[in-house]
Structures are given as structure tokens and as C-alpha cells.
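Here come two complexes built around subunit A, the first alongside subunit B, the second alongside subunit C.
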Partner chain A sequence: MEKVKKRYPLEEKFIRHFTGHSDEISRHDLPKVSRMRREAMKDFQRSGFPHNKMERWRNTDLEGIYETDLEIFDREIPYEKQLSEIFLCEVHGFETRVLSVLNGSFYSPETEKLTVDENGVIVGSLARAMQEYPEFIERHYGEIMEQRDGFKSLNMALATDGVFIYVPDNVVVDETFQIINILNKPSLVINVRNLVILGKNAKLRLLHCDDSVNHHAGFINKVNEVFLDENAELELYKLQNLNDETALLNQTSIHQSANSRLKIDAISLNGGMIRNEIFDLMNGSGAWSDIRGLYLMDQEQHVDNQVNIYHNVPHCDSNQLFKGILDNEATAVFNGYIYVKRDAQQTNAFQRNANILLAKTARVDTMPHLEIYADDVQCSHGASVGQLDNEALFYMMQRGIPFADARMLLMYAFADAVIDEISIESLRINIEDMVKRRLRGDLSICDRCVLHCSNPDQPVIFDIDMSKI
Partner chain B sequence: MLLNIKNLHVSINGKEIIKGLNFSVNKGEVHAIMGPNGTGKSTLAAAITGREGYEITKGDIIYKGQVINDWSPDKRANEGVFLSFQYPIEIPGVSMTNFMRTALNAKREYLGKTPISAKDFLRKMEEKKKMVQIQSKLTNRSVNEGFSGGEKKKNEIFQMAMLEPELAILDETDSGLDIDALRVVAGGVNQLKSDKNAFIVITHYQRLLDYIVPDFVHVMYDGRIVKSGDKKLALELEDKGYEWIKDQFDN
Partner chain C sequence: MSDKKKDKGVLEEVTTGEYKYGFVMDIESDQAVRGLTEETVRFISKKKNEPEWLLEFRLKAFRHWLTLEEPDWALLHHPPINYQDIIYYSAPKPKKELESLDEVDPELLDTFNKLGISLEEQKRLSGVAVDAVIDSVSVKTTFQDTLAKHDIIFCSITDAVQNYPDLVKKYLGTVVPYTDNYFAALNSAVFSDGSFCYIPKGVRCPIELSTYFRINAANTGQFERTLLIADEGGYVSYLEGCTAPMRDENQLHAAIVEIVTHDDAEIKYSTVQNWYPGSKEGKGGIYNFVTKRGLCKGRNSKISWTQVETGSAITWKYPSCILMGDNSVGEFYSVAVTNNYQQADTGTKMIHIGKNTKSTIISKGISAGKSNNSYRGLVRVTQKADNARNYSQCDSLLLGDQCGAHTFPYIKTGNDTAIVEHEATTSKISDDQLFYCQQRGIDMEKAIGLIVNGYAKQVLNKLPMEFAVEAQKLLAITLEGSVG
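After this line comes the complex of A and B, so read on.
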């Protein structure tokens, strides 16, 4: 007799929600999207949530979240006040165009839901773009991220909104776009989706922030699809600073056409459970990518970086550098996968993961995984797990620098290789400052809330008036 | 008396390396410590500077009248003890400028002074760089990273000049130096020498002592100072080698 897999109540809840609210979920859909939702839900019913018997989930256990009673939230939130009244982003000092996503839906006044500027750059709500620019949705939506596991299926089935960005051919966007994702209601689970399309020779810098404004639990299941046409260039900075009760699953898939360039800097400063999945699909010859990450975890936090590079054609270069510092009982996973397809000759693919464990109880699982089917390639991988260099510590102390400061300097120096790559100077200085404060133990998510509550255990919550929804 | 070491015993991992050493240094003096490999010269430097893992099992290190056996390395440094490392450590990601400024300000804070201004700091850097003929801009270079052997040793003397110690220990500063670099390093030391500070020069060879002339020469063997004299002793050692010392004390 076939063993029947036990379903988690949360899985049941998702399935029921899909059946019970299908009209609402599909209200802005193109037929293609509705069809994809139904297929995805079928997949999810078969697969359920990923579990740690699966190779890619072996060291990240989400059981705790599966067991949490979370509220599925997928409704539009009426615009009442500027997001800056709820949340003041730490990263300032330079001009960004802020795109806010509150509890999974694009949050702006009606007039700014979807805007087109004089260069034809379209920015705004993904739900709105589905109605107004169906051609982009037809071409790219759901085409870049494969349905690899239950979370991606779930997202495909249930996500209704997020950010849409389109930069036409030959347009270089001067401004930095900044997506700010926040949850401000207790115990929400949201499925959110972003779609970024860069035309030929287009250029964009995008800062993607995930933040908490309070100490509530939550679960964000996010899928980002990025399409880079020939010679396009994207700089993507991810800044993750979430409370310890929040789980973030951030899944990004990038289609790289010929000679496109991709730079990713992912900085995880805080968060109970963060998993970043990157699928870099090098589909056009001459594509180039440099993907870096820094994670600073302590207490019982967990971070998981899954970086997958697909060299599908010849003459592409990829580089991965991920660095982490872990204290207390924190755990980290790095899984670096490089795939070089048959005949993808003249491939250069490099990967490195370095970790410092500050405590014996901290743990890292680092796994390089190379699959190479071409013969004219240069690939390398390296992983290290160590402690702070005692020789260097003594050297510094011998010059009069107290232990705590010497330790901090060394940790900061270790992190610098990732931060140093940030090309926007004011952003780099901001992030340097945040990293320093994080290493000092001064950075709390509460610092970043404009309310500056005197009692961080009972932060003020901007409740959404449910009667208005 | 600046430094007074009494019946010092030091162990590493339970193994005794220094076995009852007596040694004292006054301000204005230069002491050379010579001796064959593995006799405890570098261990002595480590014990004076407070390196972890070097356990003082007996005896006292008295510096400026206080027993410093339990002092942390940074406290000793801020009280004026400096070690020029035999193998200077590379610290990628920490710029020389940031390192020196942090060190200088740590000392100032220890002494209850306000931090040095950026202008004064840069002026001081330039002045001391000249002294040891460092041409490169240190601003963007990480501590010792990619430095040649000679540059590393010059950098040690540069740091010494910046921090102005009262007791400087030079641990085989001459090793790996060509004659030109040796002159520069020795020239730096001679400029810093005054009646307010003292130097302990650890070396195998007489060569360095042609440039940094010692007031006293001591020979270490098997964890003790077994012979002391003036600079002529160094010449005698150069001439006879260490075998006669070994023969004398092994029996």
C-alpha cells in the first residue's frame, strides 16, 4: 500500500484558499496566467512543501513555519498614508525611486499604480501591468523561473501582485529603483512576485530591501523573474534586515541574453530564516555575471544561499563570492551549483564561499557542486570555514588596539570584499555603516522604524482597517 | 629600571621553554640578545608582550615598576611596549591608515587624551614614512598585504616610529633584509633612540649590530641568559660560532 504523506494544516489551508477564492485570485489574470495557476496548484497538491529529505532542502528545516498558523493575505491595501510614515528606510542620502510592497501588494496612490516616463520606462504594480501590458506578461511571466518545488508552485498559484519594471531598448535609467517589501500585520504568509525586463542595451540599478517594522512572525514566499535582453546591464542589491520571527524565501531567476551583464550583491543582516535562491541562466553568448553575498547571523538565525549558474552557451563568465560570519547558535548553508552544458566551451566559472564561526555552536554547511560537460572550460571552487585569525588579533593588540576593536576590524575586513563591490558610493557608505553597526550589535530593526518606540517589545502597529478591504 | 625580569619561567603547552631567566634594561640602553635557534629568544619577546599561550609559571616581568605578568597585550602596548615582529602578519581588508589611526587613538584613549586630528595624523604619517623611506601611499594598502620581505620590516619600524614606544623589541628584524634595507631599518632605529627609551635587539648575526650598536650583548641558551658582555661579545660569537657556548653549557 502506498504510504500517504501527512499534510500540514498550512498546506491544506493554501489548497482550500485557492479553491475558495479562485475568482478573486484570478481577477486580473490573462488566460495564460489562470492556466498556469491551476497547473501550479496541481503540482503543489502533489508535492506539498519541500522537506529535508530533498537534497536541496537537507540543511534548511522549515517545519517550524509549516506548523505555524499563518494567515494567507493576498488583498490589495487601500492607500492611506505614505509608506515613509510607517517605515523609514535606513538607506538614504541618494535619490531612489521607491516602490513599496506592503503585505504583498503594490502600495501607492491610484495615480502611481503604473507609470510610464518619457523614455518609455514602465514601473508599478504587477497586477496592473497584467491588464495594461499583457504582451510582456505573455512573453515573460512564469517563463523564467522553473517550477522546481512546492514553494515556486505555490507562488505561481497564489501570487497576485508585486513590482513590474520594464526598461525599453537603449534606455539607461539614471535613478536607482528601490523596492521596499514590508509586512506590518501579525502572522501573515504572502506570495509575492516581481518581474523585471530590460531591453537591449538597457541599464538599471535596483535596490531590493526586505524589512520588518515590528516583531511579528511572518512568511514571505517571493519569486523574482528577470529578463535581460542583449547587452543589458543590471546591478541588483539585496538588503535583508528582518526580525527573528520572519522567514523569507527569496527566489530569483535571471535570463541572460548575449553580452548581458548581471551584478548581484546580497547582504543579509538579520532574519530568523532567510533563503536566497538564485538561478542565473546564461542563455546568450558573452553573458557575464558577478554574484556576491554577505551574511551576518547570530542567535538562532538561519541563512541559506543557493546559487545556481547555468552555462548553457559558450563564452560566458560567472563569478560567485559569498562570505559569512556566524555567532552563537546561528547556522548557514551555501550551495553553489555550476552547470556547464555540452559545447558551452570557453566558459569561465568561479565560486568561493568563506565563513568565520565566532562560536563553537555556530554551524555552516557549504557544498560546491559542479557539473561540467564541456572540455574547454575554466572552473574553480573553494570553501573555507574558520575562526578569526589569532595571529592577526595579537598583531593588532600588540599595537595597542583592544581585543573587541581588533576583532571588529577583522570581521569588517572579512566582509569588505563584498561591500566594496557596491558601485553606488552613497549606498556603499550606508551599507558599510549598517554592517559595522550589525557587527557591533547595535543594529536593531527597531532603529529603522520612524516611531522609535520606547518599548521595543510592544511596537506600535499600523493596523490595516479590515472593514475597508 | 625600565624592565626587570626575575627568575622567569615560561611554558608553551606545558613544555618549559624559558627556565629561570634574569634580565634588566634601563632607559637609554640597547641590549642585543643572541643565541642559537630554539633557545627561547622569541619566546622571551612573546612573554614580554603578553602573547596568549605563553604561560608564565614562575617569576615576574616588572615593567616601569609594576608586575605585568597578567596584563593584556594591548595594555602593555599602550604602556609603551612594542614588538617588531619576526614575521609581520598580513591583514587583508584593513588599510594601513585605518590600522595606524586606530592604534594611535587607542593609545591616546588609554592615556586619557582626545583622538588625533586627521590633519595631524596625516602629517605624522608622512614624516615617519620618510624616516624609513616608504614611498608608497599606505592609504589604500592593507596591512602588510603584498609587501615584500623588506617592506614588511620597514613597515614594522614605521609603526614603531608612529607609536613612539618606551621599550622596543626587535625580533630578528634583520632576517631577510638586503644590505640597503638593513641600513634603512637601522637608520630608523638610531633616529628613534633616545635617553627616554630602550631597545632589545634579538638577532643571530653580528651584521645588524654594526648598524645598531648595542651597549650590552647577552647570549641565550636553553632558556637562560648564559653570558653577558659588551659589543665585543657579539664579535667573539661571530668569530667562534655558538658551538663553544653549547659545549660549555651542555656539560
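After this line comes the complex of A and C, so read on.
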């Protein structure tokens, strides 16, 4: 029996937009890209938006967003004022090289659209890179698209800009790059794409922030593609602090060559709907990855972490640790998936998800899945849902620590396993501060960059009289 | 040397040995025509002289089934099943009522002996009442007198419909409604026979109840329906064991087991499933799509599932517990072994609804050959289930580099006082353990047997004695030889 799927007006809008503006959308395209766009649009017309009858979307309902009347925005914004006037981001104690994406397009003065550093590092707008460095696009653009769904097709069809980073072989980048993704107009839906390529033995630290500057509703459909060549090393920190009306869909696909190393820390502090999809393809022997996440949600927020690790070749190691604290009516989904291909022997793959529920109405759905076709492997997964340890609470309280502080201390200790892995010290301190504030409720909705919330001169400390302990 | 040779001989026999229970009995069958239509449903109902309400139930289920599509979410691959090419009812020709075993068809007795189940022996030694189901119709029920003394009802569901229609009507389809899933709807429409058991208030069943199933006539799907009820304070341990003859064509089996426990009642349900797994090339074998579910309806009630799954080409089975009563307890212990081209997608569901409910899941998967073995389970804590507690452990053991072991747990927690823990590991037998055994003079084959048995012990220990022995033998037969 053929089931007739409901068509949302927003779907129609996307399809109309594509047919109506195809020249404009494809104006900088290479033949490869415009072909991919057309195919992706066909896919989208067939599949439509994902719905909760689909296994991967069962626990995340986007009906509300589909029903919202959003404006498709893919225009380039002329550089009129400095980014700091729109959005202030002062990261205390450490310098970053800021790459900003405003309403879906790379935002910078004309001269800085795409720069080539002395060491050969190319950084800038993806749209510009498409024209100036087609060889990279030919080789890498849209090449790793595991588990294609409606949103990925949509992004492929409509995204025109984003950040492009290329680090040549043997280059270790000292500074930390920071991508800041902002929406500053009401009711926008944007499709944005980032492409990061690391050559052999290259090394990069990347901070990837999604922020809101106002309280408008919005929907960000983002695809990140990362290529790590042999022995390359990437540290990726994702910080998500959005308003409660914004939905963020963040799909990151990583291709790992032999002996490459990947470290991801995904910290979701606030946001109406956040879905992080990570596809880590271990295609080279000796690849290593450590993917961690922390989510602190309250009110009616929803966070969904989908972590997929594909062990395609022997001798790879992967580790996942996701922790979450949920209050009020917040809901969280964790879907960890480890796939070990036939003959991918000597694989070590570990996965852990721990959750603390603070309110009766909070909900967690966790699905730690393993699919294993090789025998000489060590794989494990664990998931737990529980509360703060009552005995630990009691112990602290009998030592004179007030209930509220003891509770805070325990929650903080719970979150620390993820934060502690951040190797940039100043960033770690900033994030520690933010988490403390978040847990205290001081950081419910931040109007500015999350990093800006913390003031290093007045570190957040617990009101605990240590002499009592 | 000679020992080694002997071991090799055993090994050879085990790996190359054909399915031990593969033979066809020549018992005349009374069969419905091929295919499934409303007529088939009416035919079965009429054949069994069923009351109007049951026919209605069947027809409703059939009409619902027509609207459904076969589920495809499990990690199973098989050619499409042609539901119109199945004979939905086959019963041995009715014979006169029998008083003792001597009157039973000698051919049938012979079958039991081949199976290794001697009814006399069982009657005498183990005190197990056997309700043997041969192709859907209960042929012989023993130990009725002992049970009658305690007012325990244990009979075929067909008899129960005739003799205790109120009880059947009250409980049939309450735990697994016909709308539940594709195979449940199919079973509800065409179920032929099965067991019915009712434990009255405050009665502890003194013996372990047991049914041996057998699929016999060629191309006949078996659609068993089992209904167990323990009233307040009742207790019963129920055993189900299966073997099937060898067939080239795949046979479909879609059973339903429903269990209800009232206040303070407990039911322990143990299964050893050893149906024909198909040839070593993956030809033939039973398709086993079973819906098993227990409802802990009363306070302090308990349902415990223990299963040893070694047979069937395809196993699709999720014995579940709905923990409705406060303080109720659900348990699931499973060993699933797959070899050659077998596929198993099995697990459990624990639905916590009542307060202070507890559940334990211990699942041990063992895959060998080119088989695939999946654990798929759900733990759901509803918003009102204060202080719910779950502990799940599902381990997979891989023997050989061509097989697959998969784990798909779903944990849905909606209560802040719940404690839910899930752990799983996947690995092969550790080289250290093997080395240790071998340097102590235990050969490879025996060492593997030892380690695998130790690995499954936690579950095997939960089986009643008679079954534990059989299960260990089965494990040995299914496995010892797939490694080397």
C-alpha cells in the first residue's frame, strides 16, 4: 500500500526557490557542483523532510519547524560594519582567528574573502574557493555523504557559501581558528556548508560556535565536511548556545586517512532544538578518534546527538563519551552507532552515554548501537540514566556543605569528564565558567557569544567554605 | 594422539553432522487448503467447533492483517514469504480418546523416543507433565490428575475454548492484541492450537509444566497460541522446547505467547528452541516470528523469561514484560547461538509503568560461521514509574571472522527517579584464556567449549534442571566445531 506523505508548505517553498533561482544559486558553480545540486534536489523532491516514522528521526520531531513560515535566505551580505558591531566575541586569554558566517554567507571585507597565508594555509569563503581553487572542490566537495536524508539533499542543493580551510602538508597551525555562525534576521532558514581539508602531517585547532544574537526563530541546516590526510590531526570544539526558538542541524562528516587523529568536543549549552550528527569514517589504518559531548538542557529544549563511527579498515581506535544533565521538560536523544566492517580486525571501539535527570518531566532516549562484522575486536558500550549520588550528597551535607552547593558540585564533577579534555587551557577555563553559570541558571539565554558571558576577572566559584570540610 | 584423533572425530561429526532431528513422520494429516482467505479462517474455526465470538475475533484479526505490511526493521534478510502458499491448518486425523500411553500410536511414541523425550520416563522420573503438540493439535496430555487435585487447568487452547470459554474470552488478546504487529495479526486469524494454563488463587504448581512442539507436515505453518494466567499468589514454571524435521522449503512459524500475573503471582517461562536451522549452505530452515509478552498486572507480581535459542534459520522474537503492578519484577535471560547462515534478531522489552518496578536483562549472543546475531531491546520508564530500576547486560561473542554480532538497545527514560543501566561488550574468546587452558593440557576444542559454557552459565543456571542439561548439549552441538 502506497502511503501518501504530507507535503509541507516549507518543502514546496524550497522546491520553488530552487527552480526559480537556479541561475543565481549556481552562479559560481563548477559543473560537478551544479550536477550535484540538481540530483540532490531530485532526491529532496522524492524524500521531503525527514519525519518521525524514520528510524533515525524517531525521537526528534521537527513538525513545529516544518510548520513555521520561514524565509529562505541565501544572499550575500555586503560588508558594512565590523563583525564586532553585530556580534561581540571576546575570548579572554586566548587569540583566535575569527571566520564568521552571517545568515549563511561568509562575512568579511572584500580583501579578506579568501586569504593565503605564508605557510600556504588557505582560509575564507567557500564560494570564493570554488572559483579560485576548483581542484579542492573537484576532489572533496560532497564526497562523503553518509546516510543522506532530506536535509542533506536540501543543503547540497541550496548551500552556496560557508567556510573553507585548507592546511597544506606538514603545516602545523599555531593559532586557533574560530568559525562563528550567526543569524541576525528574524525567521530565516539557511543552508550553509563548511569544508576543512588537512594535508599530510598537518595540524589544526578549530573552534566552531553557533550563536544567536536575538530571540528570533530560525533554522540552520549545516553540513561540515572534513578531510584528514595521513597523520593529520584535528581538534574540533563545537560550542552551541542558541536561543530557544532556533533549530540547529549540524551534520559533520569526517574522512580519516591512515594514522590521522580526530578530537571532537561538542558542548551544547542552550538551544531550542539542536541536532548534531557526526559521521566519522575511518578509512585509513591506524586512525584514532575521541568524540565527547556535553549537553545541559532545560525548559522545553531538545538536543539530539547522533554519533556514527564507521570502522572500515583494521587497526583503528575510537572512543565516545556523551554526558547530559536535563531539567524541566527538556528532552535528549543520544544515538551512538559503531559499525565494524568485515575484516576490520584489531578494532577498539568504546562508547558511553550518561544522563542525569533533574525533573520528572525531563526525558532521555538513548540508543547505543553496535554492528560488528569482525571477530578480533574489542567493542563496548554503556548507557545509564540516573540521579546524583545520594550518598555523596549526604556526605557533603554532613560536612556542612549546603544542599544546593553539594548538588552543584556533583553536577559539575559529572560534566567535568568532558570539559577536562579541552587542551586549550584558556578555552577550557572559559567553558568551565560557562558550564558553572549554566548549571546555576545564570546563563539561560545569552544574547552574545557564549564565550563573552564569562568574565575572567570574576571567576565563578562555589560558595563553599573549605575550612568546614 | 589417539585422544586427539577421537576429538577430531567428534569435531568432524559435529560440524559435518546433519541435523539430528531431521526426519519426517508419517502421520495422516487433515489439512486446510493452501492459501489464506476469509474462507480459511472460517474453515479453521469451524473445524475446531469454535463459538461465534472467537470466529469474530479471528475475522477481525484477518481483516486487520490485510491492511498491514510485513515489518522490515529487523536486521534479517530472507526471500519474501508467500502467505498464499502455506497450509494454515493441519491436524492428525481424529482418533478415539486415549487413557494411557499404550494406546498412543506406536509411530508417535517412536518419534518421541527419537527426540529423546520418553513420555514414560518423563512421567516417572522428572514429574513433568507433557502436553505434546504435534502439528497444532494436542495429542496427549499427561499428569492431568495431579493438576486437577490443585484445580490447575492445563490443556490445549482448543479444549480451553470448549471447556472454559469465559476464562479464554477474558484473557485472549489482552496482552498481545491482534493489532499488535503483522505476525500477531496473522496468528490471531489462523492460530490452530497451543497451550492454556490457569493457576488459581494461592496455588503453587507442584510440577513443572512442559510442552514439546513439533512441526511435522510439509509446508504447514505453525501458529501456536499460548495463554498462561497466574491468579493471586499463584506460581508456575513453564517449559517450552522445540525440534523440527528437516525440510528444504522454509517453514513459517508465527506464535503468540500471552502471560498474565495477578497480585503476588509469578510465572517462569523457559524455552529451548532448536528448530531446523537450515543446511550448512543456508538452504531451508524455519522462519520463526514470535510475539511473546507478559503482563505483570498485579502488585508484587513477577514474570521471568529464560530462553536458549539455537535453532531456526530466522529468529524474530522479543519476549517482553509490561510491569504494570507496583513492585512488579520482570526478568529476561537469553542465550542465542547462530551458526552457518542463521540469523537471529532477538531481545526484550521492559515497560515500567508501576512504581518500584524492577527489571533485569541478561543477554548472551554467540555468533559463528556466516551468521548474524542481533540483540534488540527496549527499556521504557514511563513518567509515573517512580523508582524504576533496570539493569541490562548484553554481551556478544564472535567465533570466526565471517559472522556478525550486533546490539541495538533503546532506552527511553521519562522519570527522574529511575535508574537505568546498560552495558554491552563484543569480543572474541580471549587468547589469554585459551592459552591458559591449553597450557594446562586442555585441547583447543574443549577449551572453547569450556569458555563458551562459562560465558553462558549465568543464563543456563536460570533454566530448570532438565532443560539446563539439554541446553548445554545443544550449545555444544551448535558450537563446538565452528571454531578452530
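We take it that the second predicted complex is superposed on the first by the 436 of 469 C-alpha atoms of A that agree within 3 Å, B and C clash if a C-alpha of one lies under 4 Å from a C-alpha of the other, contacts with A are read in each partner's own complex, and residues count from 1 in each chain.
We adopt the following convention: contacts are C-beta pairs under 8 Å (C-beta built on N, C-alpha and C of every residue); 3 or more make two chains touch, one makes a residue touch a chain.
Since this is a predicted model, take the numbers as computed values, not measurements.
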item	value
Subunit A: partner with more touched residues, subunit B or subunit C	C
Partner chain(s) touched by A:431 [first = subunit B, second = subunit C, both, neither]	neither
Touching partner for A:392 - first (subunit B), second (subunit C), both, neither	first
Partner chain(s) touched by A:400 [first = subunit B, second = subunit C, both, neither]	first
Which of subunit B and subunit C A:410 touches, first, second, both or neither	first
First, second, both or neither for A:378, with subunit B first and subunit C second	second
Touching partner for A:439 - first (subunit B), second (subunit C), both, neither	neither
First (subunit B), second (subunit C), both or neither touched by A:234	neither
Intersection of subunit A interface sets (partners subunit B, subunit C)	none
List of subunit C residues in touch with subunit A within their complex	67, 69, 73, 75, 381, 383, 396, 398-428
Subunit A to subunit B touching residues, read off their complex	389-392, 394-403, 405-406, 409-410, 412-417
Residue ranges of subunit B touching subunit A (in the complex, touch as defined)	49, 51-52, 72-74, 77-78, 82-83, 85, 88-89, 91-94, 98-99, 102-103, 106-107, 110, 142-143, 159, 163
Subunit A - residues contacting subunit C, complex	1, 55, 342-343, 345, 355, 357-387
